[in-house]
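Below are two complexes that have subunit A in common, paired first with subunit B and then with subunit C.
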Partner chain A sequence: MRADTFGESLLSRKWHKYAAVGRITVSSQLAYLADFFIRTLFLVVIIYIFMQLWKVTYEGVGETTIAGYAYRDLIWYLIFAEAIILASPRVNLTVEEEVKSGAVAYRLTRPLSYIGYHYVAYLGEAALRLAVNLIVGGLLGVLAFGVPSFGWGWGAFAAMLLGALTVNFLLRMALSLCAFWVEETQGLVFVYDKLLFTIGGMMLPLELFPDLLRRVCAWLPFQTVVYFPSKTIVAFDAAQFPQMLLLQWVWVIPLAALVGWIYAKGVKKLNVNGG
Partner chain B sequence: MTALTVEGLAKRFVTKHKQEGLAGSMRALLRPQTKEKIAVHPIAFTVQEGESVAFLGPNGAGKSTTIKMLTGILHPSEGYAEVLGLCPWKERQRLAYGIGSVFGQKSQLWYHLPASDSFELMSRIYEMGREDYRRRRSELVERFGIGPYLHMPVRRLSLGERMRCEIAAALLHRPRVVFLDEPTIGLDVIAKQTIREAILEMNREEGTTLFITSHDSGDVEQLCDRAIVINYGRIILDDPVPEMKRKYLTYKRIRLELEEPAEEIELPGVEVLRAGGTALELGVRTEEVRIEEVLGAIVGRFRVKDVTIEDPPMEEVISFIYGKLGKEGG
Partner chain C sequence: MLTEANQSRLLPPAERPVLARATALARFVWTCWKLNLAGAMEFRMSFLLTAGMMMVNNTVWMFFWAVYFHRFPIVNGWGLEDVMMMWAVSTTGFGLSATLFGNCYRIAGLVASGQLDVYAAQPKPVLLHVLITRMSVSAIGDVLYGLLLYAIFGEHTLLGACKFIAALLLATAIFVFYNTLVQSLAFYIGNAEGLGLQMFNIVLTFSTYPTDIFRGFSKLLLFTVVPAAFISYLPIGLLRETNGLFLAGALLMALALAAGGTLLFYRGLARYTSGNQIGLRM
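Then we have the complex of A and B:
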């Protein structure tokens, strides 16, 4: 039972609990570090293709900027966007497996929140993958364009990552938890991924979209995951930054509530019918 | 103090019911039919703190459903249970600090990391003080003899080494009730023995209540004071292990080594299990004939070089109980 907790507050015990989950996830994922670097080959290839494509486009248009982006800013944008997308752990596979195998039931017997556990594990793994992607992607960018001067953009980018990863996690988790009712969540997650690629701004910054579509995107959470941080770093705007940051966390609230609700429903089903 | 109290605890599941064939599948899609299945009939028992109970039954008898209710994972359809004074499904999180569980086929250790990392995580999850954790860890490391591989990645350990680490990890937070599901499955004889001894020591020294399911008769004989047998969702037997053996061990086996090859032997209540050369193996139903009578008859007829009398293995006793009481009860 709880012992020796003298002098340690409840909050600090909880903090240590989830910090330990984060630490062990990172340690465990370090075993895959080489794997992560090999995966960045894909990042390199795709960025190289984008470079060729946009070079031709810029030459074809005959302008130095498109929708406010210079060629090199656009490529940097794509590097960051790809780095974020490719850093996302495939939490849906884990959760689906846990729901189907019944492992989720055994996790309930631990004094630890299931969602909280996966959130911290997600952040830990994503941070490691992102670091690898940023190193390789950054190197590629530096080789092509030299050291960039994003100034405030760096700090703003870092500040936005947590929100971006949190929204991404919550959306994925909401879909993953559907495994309580449907046999496969792969299809749902596939659609979600494609939404991030398109209206989330991974393939194109949202400024390049037609006006109507942009207005639709502004009302959706997908932009907060990729577009916000990538745009912030290459084109830092002191006025926009706090708004974007706020919007990220405004999305976190209903999404977290949604995840909590789906999870509670799932657990109830598990409690009543064994999952 | 009672560790477990179970009163009229029952569980019914609603399962989907589908006619065979494609047409049946289509119909099930449009108008799903459900059927209620009784997993556990109202059952009752109590377990005192410090007791070591074997919870036995064939696959699908309702064992894991019962354990899931006692750990708060499943809500019962009716009835009541208390574990360490808490209602499992209402106070699951609080109860979590007081119970531990080992599921033989589900690992709780991190595969790529040494067990010491998993121990550290467990100590944090169970909110143990640092000093307390270190003390407890060295205690368990010694008891389970896992010092040499505490710092090796779990994936490199043998199954026996890994299981010792699993159980030590589950005991780290000093649970007062431990649920062990097939703790020795797949292990060799020596590994089984080591694990049983360590578990027994915990039970004797710390008064840990053990609730064990196993298909291994050795686990039952060596670890448990009492056996509860469940079949078709009903408790068909609840006896101390020695008493169970006495009641249902109405059968003994005599192995003989003779001076010369045996001839025919016919005695009431005795069957020849194996006869070849000078070796003879007899099965004796002790309800029909006393063992002394059989021995007397043998000594009178043959020159005996060596004799051993054995109880049948626990497995046979248990399967006998399933067969006999299962039919009577169900």
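Then we have the complex of A and C:
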């Protein structure tokens, strides 16, 4: 066997392993599909409330657009933003449980990268949850405004999702891995979630922020998770899109390095008894 | 020598004078609350973290409204102060309900798992005993946050304070008895934990948005089936201008929920059966 073929074969087997983890995650999560749909009730309630709030706001202001958003665009923005946030699996609980129970020791002996395993599982579960959220949220949007015509926005949104989910995973993982040092990481992740809600652009598009705050947000990674994909689909801008996409992956590099560094430090410190 | 008060204590509870019974009950409730708090304080760091997290959570919404009102000074007659006072009333009202009567959010679970036996066997009013047995530690953060909002945005006069306390009493009563009512459905339909949680989330969510953004049928729902408007409108209907009709409606709703919740609970308790689980309260 030639060396390059052998190398390709190894690489392909490696990818197959991770693809299998993703597939297994999706099939196991399919068992909870009904539960995912029930959980979207909150999404429906919050979008309904925002519809009422923004309707009276637009009427009060007497303008058809606010910060460049028409009423229907703003509601669609909020539907996508909420759908992304509510789709995020709680990877910190899994990692924390694995560290506390010592199950991490079994995970480490497997021929899979610990971070890579969780990344693929995260993507699988997030994709399923997001699909459910988008079906329910989309139905609400269609009932209120009819079928949207986002054009290129659909493709751009799909392209941005991977980067958004990756940045979100890396930030969550960086906090979750603190479980090697502290007993509870829930508080840290809780605060992170609130940052996504606020300066990440889940509750309001960044254009509505005061200028100074908006400038600060531009230097932070949170906007790449929610604001970028939601803005891209409702107001696709061919000039901005590649910049946003690039910025997402520019954030991925230092965050991946940070996660790798925390993991390497944490694993050295790990001490599991019994089994 | 036995005093009159001590003599009445020797009688069976049903034969004691009303005042003595009420005093004994008040003492019992107070002791339960003290023990709950002492239990929470055993894990002081966890208590501080959990309560702190709730305060962070509420700050998110303050951020939203601050940015919103920075751009739009008024929404259908509601200003920033009104919205902040709405949050002060609803978070403190919810916080008090979950701190002092924490089990109103868990009755369905207690019924489903057969954990009511231990309360039914004791010589105390069962519903009251159930309600006061649990204290939600995180809700203390909500109470503190609500009081902080009142300190910043509230009216600091005797009348203002009295109105705020009245608003809190109404909001707390609505939260406690609405949840008691919904959770007591577990006696009749089996597992009502999911339904109870969803209904609670809906009321809590709607109680934190200005009532006047809703119109027509949705507004009607908020003043009837999902009585969140009786909480969210308190900053306008009681604190800013005293609206007699609204207040009478809120009072009637609180009384109706109290009567309905209590009735549903005790009727359900009469048909309650459990397995052979042995429970113990220390």
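Just so it is clear, the second predicted complex is superposed on the first by the 262 of 275 C-alpha atoms of A that agree within 3 Å, B and C clash if a C-alpha of one lies under 4 Å from a C-alpha of the other, contacts with A are read in each partner's own complex, and residues count from 1 in each chain.
Basically, a contact is a pair of C-beta atoms (placed from the backbone, for glycine too) under 8 Å apart; a residue touches a chain by one contact, two chains touch by 3 or more.
What you see is a predicted model, and the numbers here were worked out from it, not measured in a lab.
After overlaying the two complexes on the shared chain, residue contacts for A:Lys194 are found with subunit C alone; subunit B is out of touch.
Of the two partner chains placed around the shared chain by superposition, neither subunit B nor subunit C is touched by A:Ala257. By the touch criterion stated above, A:Ala105 is placed in contact with subunit B alone, subunit C being left untouched.
By the touch criterion defined above, A:Val21 lies against subunit B but remains apart from subunit C after alignment on the C-alpha atoms of chain A. Residue contacts after overlaying the shared chain place A:Ile46 against subunit C, while subunit B stays out of touching range. In the superposition on chain A, contact of A:Gly60 is made with subunit C only, not with subunit B. Residue contacts after overlaying the shared chain place A:Ala158 against neither subunit B nor subunit C. Contact with neither subunit B nor subunit C is seen for A:Val216 once the two complexes are overlaid on the shared chain.
In the complex of the two chains, the subunit C residues touching subunit A come out as 49, 52-53, 56-57, 59-60, 63-64, 67-68, 70-72, 74-76, 194, 198, 201-202, 205-206, 209-210, 212-215, 218. Of all the residues in subunit B, the ones that touch subunit A in their complex are 13-14, 65, 68, 71-75, 89, 92-93, 96-99, 101, 103, 106, 110-113, 117-118, 120-121, 124-132, 173-174, 176. Partner subunit B is touched in their complex by these residues of subunit A: 1-6, 8, 13, 16-17, 19-21, 24, 27-28, 31, 103, 105-106, 108-112, 270-274. Subunit A makes touch with subunit C in their complex at residues 38, 41-42, 45-46, 48-49, 52-53, 55-57, 60-61, 66, 184, 187, 190-191, 194, 197-198, 203-204, 208-210, 213.
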